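Input: structures, listed below.
The same chain A turns up in both complexes below, where it pairs with chain B and then with chain C.
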Partner chain A sequence: MIRAATLAFWSHWRRHPVQLLTLVLGIALATGLWSAVQAINAEARASYARAAAQLGADKFDRLSRSDGKPMSVAEYLTLRRAGWQVAAVLQGTLRVDGASVTLTGIDLVAAPDLPAIAEASADSRIAPLDALTAPGLLFANADLARALGDRPDLPPVIETALVPPRRILTDIGTAEAVLNSTGQISYLLVLPDQPMGRPPLTEIAPDLTQEAARGTQDITRLTDSFHLNLTAFGLLSFVVGLFIVHGTVGLSFEQRRPLIRTLRALGLPMRLLMRLILTELLLLALLGGVIGLALGYLVAAALLPDVAATLRGLYGAPAEGSVSLRPIWLVSGLGMAVAGTLLASAQTLWRLSRLPILAAPGKHRWSARPRAMRNQLLIGLAIVATGIVTFAVADGLIAGFALMAGCLLGAALALPPALAGLLVLGKQMARGPLAEWIVADMRTQLPGLSLALMALLLALAANIGVGTMVASFRLTFDGWLDQRLTSTYYVTARDDAQGTELANWLAPRSDAVLPIRSAEITTGTYPLFVYGIVDHDSYRRHWPLIAADADVWDRVMTGQAALINEQMARRDGLWPGSTVSLAPGWEMVVAGVYSDYGNPTGQAIVALDRLLAHFPDVPNTRFGVHLPADRAEQQAEALRAAFDLPPGAVIMQQGLKAQSRAIFEKTFLVTGALNVLTLGVAGFAILTSLLTLWSQRLPQLAPVWALGLTRSGLAWLELLRAVTLAAMTALLAVPLGLVLAWLLLSVINVAAFGWQLPMYLFPFDWVKLFALALLTAAIAAALPMLRLRRLPPAQLLKVFANEN
Partner chain B sequence: MKIRALLLLLLWPWAVSAQGFAGLGTAAEGFAVPERGVELHFPADHGAHPDFRIEWWYLTATLDGADGRDYGLQWTLFRSALKPGEQEGWQSPQIWMGHAAVTTPDAHYDTERLSRGGIGQAGVAASPFRAWIDEWEMSGDPLGAMRLTAAGPDFVYRLDMQAKGPLVLHGDRGYSVKSQAGQASYYYSQPFLHVSGTLDLPEGPVAVTGSAWIDREWSSQPLSDDQTGWDWFSLVLDDNTRVMAFRLRGSEDFTSGTWIAPDGTATPLANGAIRTTPVRRAAENGPEVPVEWHLEIPSRGLDVQVSALYAGAWMDTSFPYWEGPVTVTGSHAGRGYLEMTGYR
Partner chain C sequence: MVAIGDPGLDSAACHAMFASGSNRKKRRTMLLTVDHVSKTYPGGRPVLRDASISLAQGESLSLTGESGSGKSTLLHLVAALDGFDAGEITFDGTSYATLDDSGRAALRRDRVALVFQQFNLIPSLTVAQNLAFHARLAGRHDPAWTTEITGRLGLSGVLGHYPEQLSGGQQQRVAIGRAMSVRPKLLLADEPTGNLDEVAASAVLDLMLELVRLSGTALLLVTHSQSIASRLDRQAHLSGGRVA
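And then the complex of A and B:
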């Protein structure tokens, strides 16, 4: 019995291979995009975790000299001999294949166990003798290890995946030799388990300041938003993929109803039947899931290098560009595939389980019922309201995303009623029987297409929203770069003495030499950078103030007031007129707030003499040089030669801007790719819905055909209907997309980064997207249309035969 | 395996052989090897011997608190060389490890320090004698006045010490055999120190007086392959006699010791002269170890029970071992220290 029933069941797929393909592909698409995003997120997070674990560095407080200079071994010993448990770290940069990498040398004897070295040691059986005595060992990831392996001047390299990209970990003794900085210490890690009775730092080393453990919180917070964005995209793709599954499963059971009726009439119990169906769905889900995972892996592998570059460039987060297969990822991907398939099939299965044994197939059970439509509209509005209430009650990123989810989901649910409303209007405007039939037929089709149209709505709205955000960000960012980077080039000296020489050399040769001097102050939980500036027209004219008192610059330059960045203003609620505490015992009035994109920390600007009054030792090594652009390159070259400056010491404004823009573009390349993918999936959903509707459509089309409309004419009308519905959906998607954009710019950004972006509108992009939506619908409707054109008249005739 | 763990393996010879690192603990690989008949010279030999693989300065003290309670403390500096010789700076092959502990009748506080040589963070100078790691220091004249300090998260101690007797050479004039196969070390002691000072504990400071015992040992091949650990006793009897006795556990136990008369006259106790029998075991703060022993030296008429002051005196260091004060009852009365390693 089971065997016979199974064979009968599977015969359906043999006869409809395209349907089988569609179903499996739907599951695969849903799983694939979701898994791709998960893989990218997991990989990036793993990279942060590795970086954090590598030094453990960020777990511990740090001691360093207030003036930023390196410490001596004698200073380290003073602390140690006073009982302070600290581990010395020497850090520097190394040029490898033209790029700079950070080399961190930690006292491996005193430092806590470092996972990277522990693991590498276990694998390669490293003896302490090799790691601690000359020539020593370098630890780096595979890519860097290969590059370092070609350098005979460097110690042997041990490959380990636990060291983040572009970083080298080693013992401090080895670092000294490689960096040629014997006897220097960059900073000290304050270890746990300090002894009783340890004297205070001010007593034994007044020159040192203790900086609180910075943790991975910064990176996590910053990148959270990025990952949430990706997750939202992944979920969206998943949902859209499920629409396809839903459509195909509905279609297959619709077509198998006669078969099911026959089987049940022959005595197949309902429970066995359901078990067979569930087994079938499960197998298909697993098949689709496996294909989806493969797909997801490929997508992730293709996107990850850009994501990694973005994260590194924009946030300094140490992400790597390669995907590794994690068991949890495989399991969760398959789980999502199975759960999604069952969810998408639930409605069909429910209906099937309640089907009377001898119910006739092919009855028109679909029609736009006004009552159901009104309920759906109310539910949709309720979901939007829930999102708004959540946002009003709670705060932060999650609340922002709740609001966004509420708006999107609610709007999607409200779409079919809205379209139905539009069609009522259309019916009133329709003239002639054919036009009236077309509109009426569209209303009949609406429930069957509504899920696919919802998918299209979401995809379009996401496209408009994200597109608007990116474009607004780009405009603002460009403007901001132009405002902030006003110097022709920037130069960094080795030390204060050279800084003075540089300034003297530059003074007669340029229009202005502006010192860039700052002190890092840790008050409370986050660091604050206070910059001291000298009066110059370029500040007064270009500095991007978003809120300011009158005569703001005069008050700042005469030392009466300070400027702070937007992040700090929003975080601490400080605006012009407020008083800000810059350091213990140093308070100033805020005269203005400026935008400061991409900076996670607080920043303040005061007159240089005010800064020096509180921090006389701030280094004087960086300068912004103003001169006509055509002389810049030449002078920079002369400067390099005169002072034997390393390549990174002089940075041209143009190059800096170009680099910043490149990083920016990379950031949003990923979102662009995902945009295209979601739209494609939505188009696919329309196709499957139309195919599902196909069998129900014949009884509706046959009478019209019998009345004299050609098959070709009918086919064109099919296309027209699909495109019209898509057009209406696209029109409704524009306001939704703009709401989404506003949420991203004014809510999500503020919560995630602490800055608000002005919103610019790009109507031309909407027109392009509108056309794209029509094209998507047309392509999706093309297959059913062709099928209709080639439909043998006999089949249309058969409709009448079957009816009675 | 971690670098630190590897270092500790080197520093901790019995862990080496117990961990199956055959060869590390027994082969000398370019290091100097103790030789019978070499005369020890002082004060030079109070200092470090960087050509030998391992070395330690080991002080234990049994104390009476002004509050009427018994206390014990430990101060140890280990040296282990990755290769023979010393070098300036971070690339020195000499690694130093400090262990310090205070034991009360109901608690045990300990801590561990690590450093490399070459930068001055840890080391030993022979004359004037000074052994230090970080802020911990043992200094002065081992035949006169000395000072001792150490601190951990839960304790600080500062002691003044006064030698009341001579240095004692173990084995054959300081050449102490450790196995049937002939592994040996140089080994001498200063067991005649009177001490007074203060312990700062979580419950507050307490003034203490008592007696201390310094052990000095260096070698390059301390154990044979089959030896898994040892039980080591240093006892100060009420008649002012001192007894050092140890049993190295292996496929065949090896015992050795020294009978030290009140005037410092030392008599070696050959393999088999000492009988140690566990009486009661306990597993407090660590694996099960014998915390009460029956110790017999028939040739000297010694037949005593040795009981731990606190059964949980486990050193919670990278390689745990048991080290704590004991009381002696039976044919003789007294106090002392017990060290047990290699139990798991």
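And then the complex of A and C:
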């Protein structure tokens, strides 16, 4: 009995191979895109971290001498003996092809698993320890490695993408030899996992100061927001894929209803039947999931040229350098596939379980079904309303996501009724019998295509939403960099004395030397940095104020008011006119609020003399130097030489910007590719819907054909209809996408990260996307169209024959 | 009786009445000639072999034959719905051999009308839209004439309905109304009452014959029923791929 039932049940797929393919591919695409996004996310994270953290060395706190002089080996050994987990670093400059590059030598015995070295060694199939044995190895990126390769005086160079441009990484021993400076240590890295109860620094090495890890946190916070959004994108792609699954599973059971009724009538218990169905779905989900994992892997690999390294990071690092899949990733991918399939099938299964044995086969009704449509519209609106209410009642990230989910789901549900409404309008505008028929027939197609169109709507909305978000982000961040980094270069002195010397040296040689002095104040729950500045046109002209009183700069510079950053303003509800307490007994009026992306802490800006009045001892070591760009590089070299400054002491504004921007380019690339892919999935959904609707289309088309249209004419009309429906969907997707973008930028970002990004509109991108949506629909409709053109008349005539 | 406004149809009707009484077939201009036509479906045995029929303007001809004898096939060929392998069909001065796909479509649109056994109607259009569809497509919509037909067929009360909301007999009446509203020279009907019970069938048939006579349309009717066949001007029988 079970065997016979199983066979009967499965024979459905043998008769409908396209349906089977659709279902499996739907699951595969959903899983694939989701896992591709995961892999890409990991890759993006890794590359941000790389760019931001400069080989990971900046991830760690540093110990260096307070007077800025090099350390001795003895001090290093003292610390290590006392239990401090530290690694010595020797840093210096090397001239390569007329330009200076930074050479960093790290004590690899103390820090053997420095990510850059470990990864690069694995890539090049060498043991990390090879880097320790004479003559040692240098690690550099491809460009630099080529330039270094010609130098017989240097050890062999390993090419790796893991080291940023113009940097060389090596063991400290090798660095000593290359830089010819034995026994000197620039600073110590404080490794993670320090033992408990080690003696404090003041006891064993009073000359050393610990400096907190720099810079990484900013960029990490910045990129976290991207990962969140990419993940949202991945989830949306997943949902789009599930729409396909939902549609196909529904259809397959619709078609098997007579069979199921027969089996039930023959005495097959419902429980057994359900188990049969679940087994079937489970097997298909696993099959689709496996294909999807492979697909995701390929997509990720194709999207990112250097994804091999990432995948290793994601799936574990194998010794041989080949990619091995970590079981947890496989399991979670397959889990998504199975869960998704069951979710997408739930409605169908539920309906099936309540199917009376002798229910009449469902007859497709072609006349307008205003009631069902109206109900669907109401449900859609109710879901949107639920999202809005949740958002109004609760707040924070969850509320933001609830609103987003409500809007997307509700809008998707409301799409078919909305399209039906548009078609009613179209019907009134249609002139001539063909036009009337085309519109009426589109209305007929709507129920069958609505899932695919919903998928298209979500894909387009996600494209517009995430695209707007990323582009706004880039534009804002770009502009913000320009505003914030107005100095031509930045220089950091060892101490106040050198600071004064530097300022004196620079004064006659540049347009302006602006001191950057700050005090860290930890009175509240989070640290607050108060900066003192001197008046300069560049601040007045460029500083990224998002809210300000009229005479803001005059009031700040005369010491009457302060500026605070956006995070602080939002967190504490302080806006122009409020009073902020900067330190005990120091209150100031807020005259303006400025954007400060990536900074997790509060920040305030006051006139320098006000800062010095409260904190006379703030160090005077950092300066922003203004001068014409063409003289910058030259002067920086001269400055380094004159004061023997370490490599990190002078930072060119151009380089800093370029580095930050490179991060966004990559994200753009990835988002663009994902856009195309999601759209492709939606296109696939349209194609499969059209194919499954095929058998229902012939009774619609045959009478019109018989009345005097050619098959190719009908075929073109089919294409026209699909493209028109896609166009209408795309039009509705624009407002939805903008709502999504707004949610991402103004709600979710604020909730998650404390700053709001202004939203920029890119109408040209919408036009492109619109065209792309039409193209997608046209491509999807092309196959059924060709099939119709080539259909033998005998096939069409069968519609009118006695037996149907 | 309502007077028929179209002078062309009037003369056609007169011509048909005049011709049907005469035996001098050779001198009549034939509206339709099917001349030694053969047809084989791909992968099947020959369905038609040297089949020939002819039909004068306003004349009605029944086509009977066993199931599978090729009646529908012949009708489809005459309707320019499908191509044939050998022989020649000429209708209203047009030779089918020269027609391509769009030529055949134009011929269906402009000069013949069809009623099949089922699924004649366009499901997504209302009865009113279906009734006018063919005539509007052919650019010959005459609202007064369509209203007249609608009244005669008893469809005035269901104009806003969709085909699926109608009974089988009503659907066939809409199909006949649509066909006649285009004032075709030739009406092709393939067992138009085959799916109906006897009472409905004879009512529908009466209406059809009445409308055909009224407008002087020639009729080629495929049927199983000898009694229906006997009500037409001439009878033809198809067997072994030939017309007897």
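Heads up, the rule we're going with is that the second predicted complex is superposed on the first by the 484 of 804 C-alpha atoms of A that agree within 3 Å, B and C clash if a C-alpha of one lies under 4 Å from a C-alpha of the other, contacts with A are read in each partner's own complex, and residues count from 1 in each chain.
Definition applied: contacts are C-beta pairs under 8 Å (C-beta built on N, C-alpha and C of every residue); 3 or more make two chains touch, one makes a residue touch a chain.
These numbers come from a predicted model, not from an experiment.
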First, second, both or neither for A:Leu707, with chain B first and chain C second: second
Touched partner set for A:Leu434, first chain B, second chain C, both or neither: second
Contacts of A:Leu457 with chain B and chain C, given as first, second, both or neither: neither
Which superposed partner A:Leu797 touches (first chain B, second chain C, both, neither): second
Partner chain(s) touched by A:Gly197 [first = chain B, second = chain C, both, neither]: first
First (chain B), second (chain C), both or neither touched by A:Leu23: neither
First (chain B), second (chain C), both or neither touched by A:Arg81: first
Touching partner for A:Val513 - first (chain B), second (chain C), both, neither: neither
Shared chain A surface residues [contacts with chain B and with chain C]: none
Residue ranges of chain B touching chain A (in the complex, touch as defined): 1-7, 10, 82-83, 87, 89-93, 95, 111, 114-116, 119-121, 132, 134-135, 151-156, 200
Of chain A, residues touching chain C in the complex: 365-367, 432-434, 436-437, 440-441, 443-444, 699-700, 702-713, 792-794, 796-797, 799-802, 804
Chain B partner contacts - residues on chain A that touch it in the complex: 73, 76-77, 80-83, 85, 107-110, 113, 117-118, 121-122, 125-129, 131-134, 136, 171-174, 176-177, 182-183, 193-198
Contact set on chain C toward chain A in their complex: 41-42, 72, 76, 79, 81-83, 101-102, 104-110, 114, 116-125, 129, 132-134, 136-138, 162-165, 190-191, 194
